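Order of writing sets the chain letters: A, B, C and D. Residues in each chain are counted from 1.
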Amino acid sequence: MTRVEVFIQLKPGLLDPQGETLAHALESLGHEGVTELRVGKWITFRLDEPDRTAAEREVREMCERLLANPVIERFQYRLDGDGP
Amino acid sequence: MTTALAERPVTEGDVAAHGLTPSEYERIVELLGREPGLTELGVFSLMWSEHCGYKYSRARLAELPTEGPQVLQGPGENAGAVDVGDGLAVVFKMESHNHPSAVEPYQGAATGVGGILRDVFTMGARPIALLDSLRFGDLDDPHVRYLFRNVVRGVGDYGNCVGVPTVGGEVVFDDAYRGNPLVNAMCVGILRHEELTGASAGDPGNAVYVLGSATGRDGIHGASLLASTELGDDTVESRPTVQVGDPFTEKLLLEATLELIARDVVSGIQDMGAAGLTSSSSEMASRAGAGIEIDVTRVPRREPGMTAYEVLLSESQERMLISADAVNEPELMEVAARWDLPCTRVGRVTDDGVWRIVEGDSVVCEIPVRALTEEVPRYVREVDPPAYVAAVQAAMPDPAELAAIDPWAALETLLAAPTIASKRWVWEQYDHTVRASTVAAPGADAAIVRIRGTDRGLALVVDGNGRWVYCDPRRGGALAVAEAARNLAAVGARPLAITDCLNFGNPEKDGVYWQFVEAIRGIAEACHALDTPVVSGNVSFYNESSRGAIHPTPTIGMVGVVDLEHAILPGRGGPGDLVLLAGAEGTHLGASSLLREILGRTAGLPPEVDLQAERRLGDAVRELAGADLVRSAHDLSDGGLSVAAAELLFAHPAGIGLDLELPSGADPVKTLFGEDGARILLVVAPEREAVVTRRLSDHGLPVRIAGRLTGTPVFRVPGLGERPRPDLEALWEGTIPRIMQRTESSR
Amino acid sequence: MTGTPVPIGVVRFPGTNCDQDVFDAVGSVPGTRPVWLWHKDRDLAGVRAIVLAGGFAYGDYLRAGAIARFSPIMEEVIRFAEAGRPVLGICNGFQILTEAGLLPGALMRNDRLTFISRPQWLRIESTATPFTRHYRSGERVRFPVAHGEGNYIAEPEVLDRLEAEGRVVFRYVDAAGATTKESNPNGSARAIAGIADATGNILGLMPHPDRAMDALVGSDDGVRVFRGLLEAAA
Amino acid sequence: MTRVEVFIQLKPGLLDPQGETLAHALESLGHEGVTELRVGKWITFRLDEPDRTAAEREVREMCERLLANPVIERFQYRLDGDGP
């Protein structure tokens, strides 16, 4: 059982209306120091694929085909505890 | 000051890369009296693109009737305006967002809705309704399902958030649209005559402001590259230019804009849509016969390091360009601040007729305004019908093949065809009740929204049949207008005017150009005959993919008025009521849904249009409605009498059934599935049958008793047998939800 | 009703889009005077009752109602509500009331994952609130629903307490009055469409009584909600 | 400048319809081994607060007050590269 985390965000340069609105809200709550705020997705699951490389290949394919929208989003993933 | 000429000289390669022909380039040099700079070249390539400059369509569009006593504002402004009495006017327009939706269906559809909303509220009108006209490939294709789901989500999320009800529309599925879906959105707004505002820069000396979102690199070259070229496999390349919509900011822009106009703070205001700052500023100046000067360094940016070129061409959404007397600046800023919207002074209106762009203290562009807006090259040519037409028209199946069709199997197949099946799956995702004014919701032949403060409503519909236009563009164009008018008649409404969205392939190809010319002819003829001038519209060319051009698809958005007390609403009446067929018997199967869905063929000629009959039918039904002689109605369209009767039945409570009678000796297939126009089914009380029949005859219309509503949920055709209503209804209601449960693919 | 009309506040947040519908609904009841309340203000202008209208305050970004809940006006609304004065939250207004902690639970994304817009049958489960006193207990009414995040959820104990204390005010049902999977538009726990606080003076519901004020647009079942609101305010 | 990442997820036990739908979609694409899939939020921003403890306190407060709804969600955060 591999524990998988996928991180998805709008491509840089694309407008992130949610992020902009949230940043303003935080500011008006007194958190002035917040910049470059982006809101993305965090997807976690377990994958029944003991072989590390196979698991990695499969996760990448999931991201490209379904989890992320290649037109406007970019993704990262992490298997078990390893860094993104 | 340094000038544009400081940029490196333009090469032949640059000219080609900007999609300009050598002769167009010569014309530019002539107009400028010098070689353009690179930025200027980019500006010309946009403003002279079909999308902004209408270089292929303008001359032909002139054939459309645009005048009438009811017209307050015809084509030329952001939207058209028509008088609806009581000092009120309805403002409306339809626009396409096809290529952006093909590239990114959710954002493409959402920003399409955003753009058409802005076109309406910049006129000073409060948007009160949206409609959408959609075309996709075959739903069995996983990618088509992906496009369909996300386009519908995009249309819904945007309109729902802004708070404008989406009250009607249409969806057609045909392989002809597989590589290139169509997403047309129509917005309808209302205002008092005196609030009608234009997008003119006004007097020289006015200050120019940008209101709304900061400018990013969104959609650079979107208008020209996406809308003025075919979608090829390299479409992927245009993907980084995807625009993301922000309906929340749009809602703030809407309120701020209407407040500014009500307070008379601005002299002109325009959406920064296709070609962004470039087209909005040059068009505003052009309308005022003035010049304009803008300093791009003052335009608020979302990203660092943007060039003047990028700022000029950016298509970032939710931005407005405003021209106002500088003395109003404090009030302008106050309103903007209250709605939390950035507002920045970026330039001024001048009297030299020049479109001047400066970056700090250097001049980037210096172009006569008219060169960008009036001197656009116009191409007119005479072309012959393409070869396919004769072939398709001749390809009717032989009578034996038609006679072999089993009517029940055919009806079941038609009811389960996604194009004909219920679109509930779509409109249940659209807020169609916000504003608490929706009298006839999606599901009716035309939507009705009440006009607050009056006892009348607006009746709204969009219609278009690309298959018919493909088989005979002229007839198909006229039939689209006729069907829209018939849909309004079926709710008791009187048509006032139309907007159109002309979706075609590449006009540089003779065959496509011919379709365009012929279709406009047909639309013009119908608009003359039905007295519905064209007050606004949009042309979308280059709807092609590696698989060729789409079916030529003009979609017609028609607006009418109805006296709410006498509106005809679906589902009224009950067992014992008669179903009358107003109009002739069906016989015509050419280019019909039957051939398409049962024989898998697009063949033959579409039905003939009898515009006088359509007009008489509309007058007669409105007269009957006014006298409360009709309980409910449904017009005949896709699938003919049998499908219309089934849909009429499904609008009634579950316990109701219907007996449908065929004239003795009639050919069942032709009678049940013929798609001849000028026909409406009327539900009337038995005791009214005589007077209704007489009144219809007085209008010179054939009429017969086509059946009656019964108290048992069965659909019966004496002589042919019967089917339980629930079985047929399950096919009609269940098809799209069932198909949409299957897996999808984003590629 | 005689005397000077009773002022009832309608709050406008950026992104509220049913404000005019609610303003008109309130104003249609003889004896009331609808009053706009602006999100940036801290002054309730002497209103005797407050309605939080539907829409997409702050675009519903992050979570529906999450940002609006921190507007200056909300501090006053919370004080007003805690003083036992009538507060009605419709759709987005209900979401804001839960985010503000004035009503328990939360409204999650519809289980169907899509926006749902349709006429909806509801059963009146409690007539003990001022807003529902003009209905019969168990009566069926029809209001439109139109939302993407109406899936009501709370800890089981909370749900039990709401039921026990008669604070479930509206429940989604079908035309026959039964609660079925199809009759529940969003997956709400126990088909809950609207709830009240312990005093009954704070009511939140997802369906739109403000869009059911006239048979011409499908239903006038909502009128009595606003009549009750006026009486509670008077 | 502290780089901040906030991770928000529905509380365990709460139904996550979006997660379930995604899991099904993945399965029908041939990814059978996927279980316990949850869809959450990933919020990233920069915080102008050099002092580590102060930054951490501020981020925690943002999460508790606004970013997460304690009734249905739980959150984690990470400042700069440190583990969640």
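The definition used in the following text is that a contact is a pair of C-beta atoms (placed from the backbone, for glycine too) under 8 Å apart; a residue touches a chain by one contact, two chains touch by 3 or more.
This structure is a prediction, so every number in the text was calculated from the model and none was measured.
For the interfaces A-B and B-D, the C-beta contact count is higher for A-B. Averaged C-alpha coordinates put the centre of subunit A at 10 Å from the centre of subunit D. Between the CA-based centres of subunit A and subunit C the separation comes to 35 Å, rounded to the whole angstrom. For the pair subunit B and subunit D, the distance between mean C-alpha positions equals 41 Å.
Of all residues in subunit D, those touching 2 or more other chains are 25, 29, 65-66, listed in ascending order.
Among all residues of subunit B, those that touch two or more other chains are 246, 248, 340. Shared interface positions of subunit C, defined as residues touching 2 or more other chains, are 58-59, 61-62, 67, 70. Chain contacts in this assembly form a complete graph, since each chain touches every other chain. Within the complex formed with subunit B, the residues of subunit A that make contact are 10-11, 13-17, 21, 24, 65-66, 69-72. Contact residues of subunit D toward subunit B in the complex are 25, 28-29.
Touching subunit A in their complex are the following residues of subunit C: 58-59, 61-62, 67, 70. Listing the residues of subunit B that touch subunit D in their complex gives 743-744. By the touch criterion given at the top, residues 153, 156-157, 160-163, 246-248, 251-252, 338-340, 427-439, 441, 450, 564 of subunit B touch subunit C in their complex.
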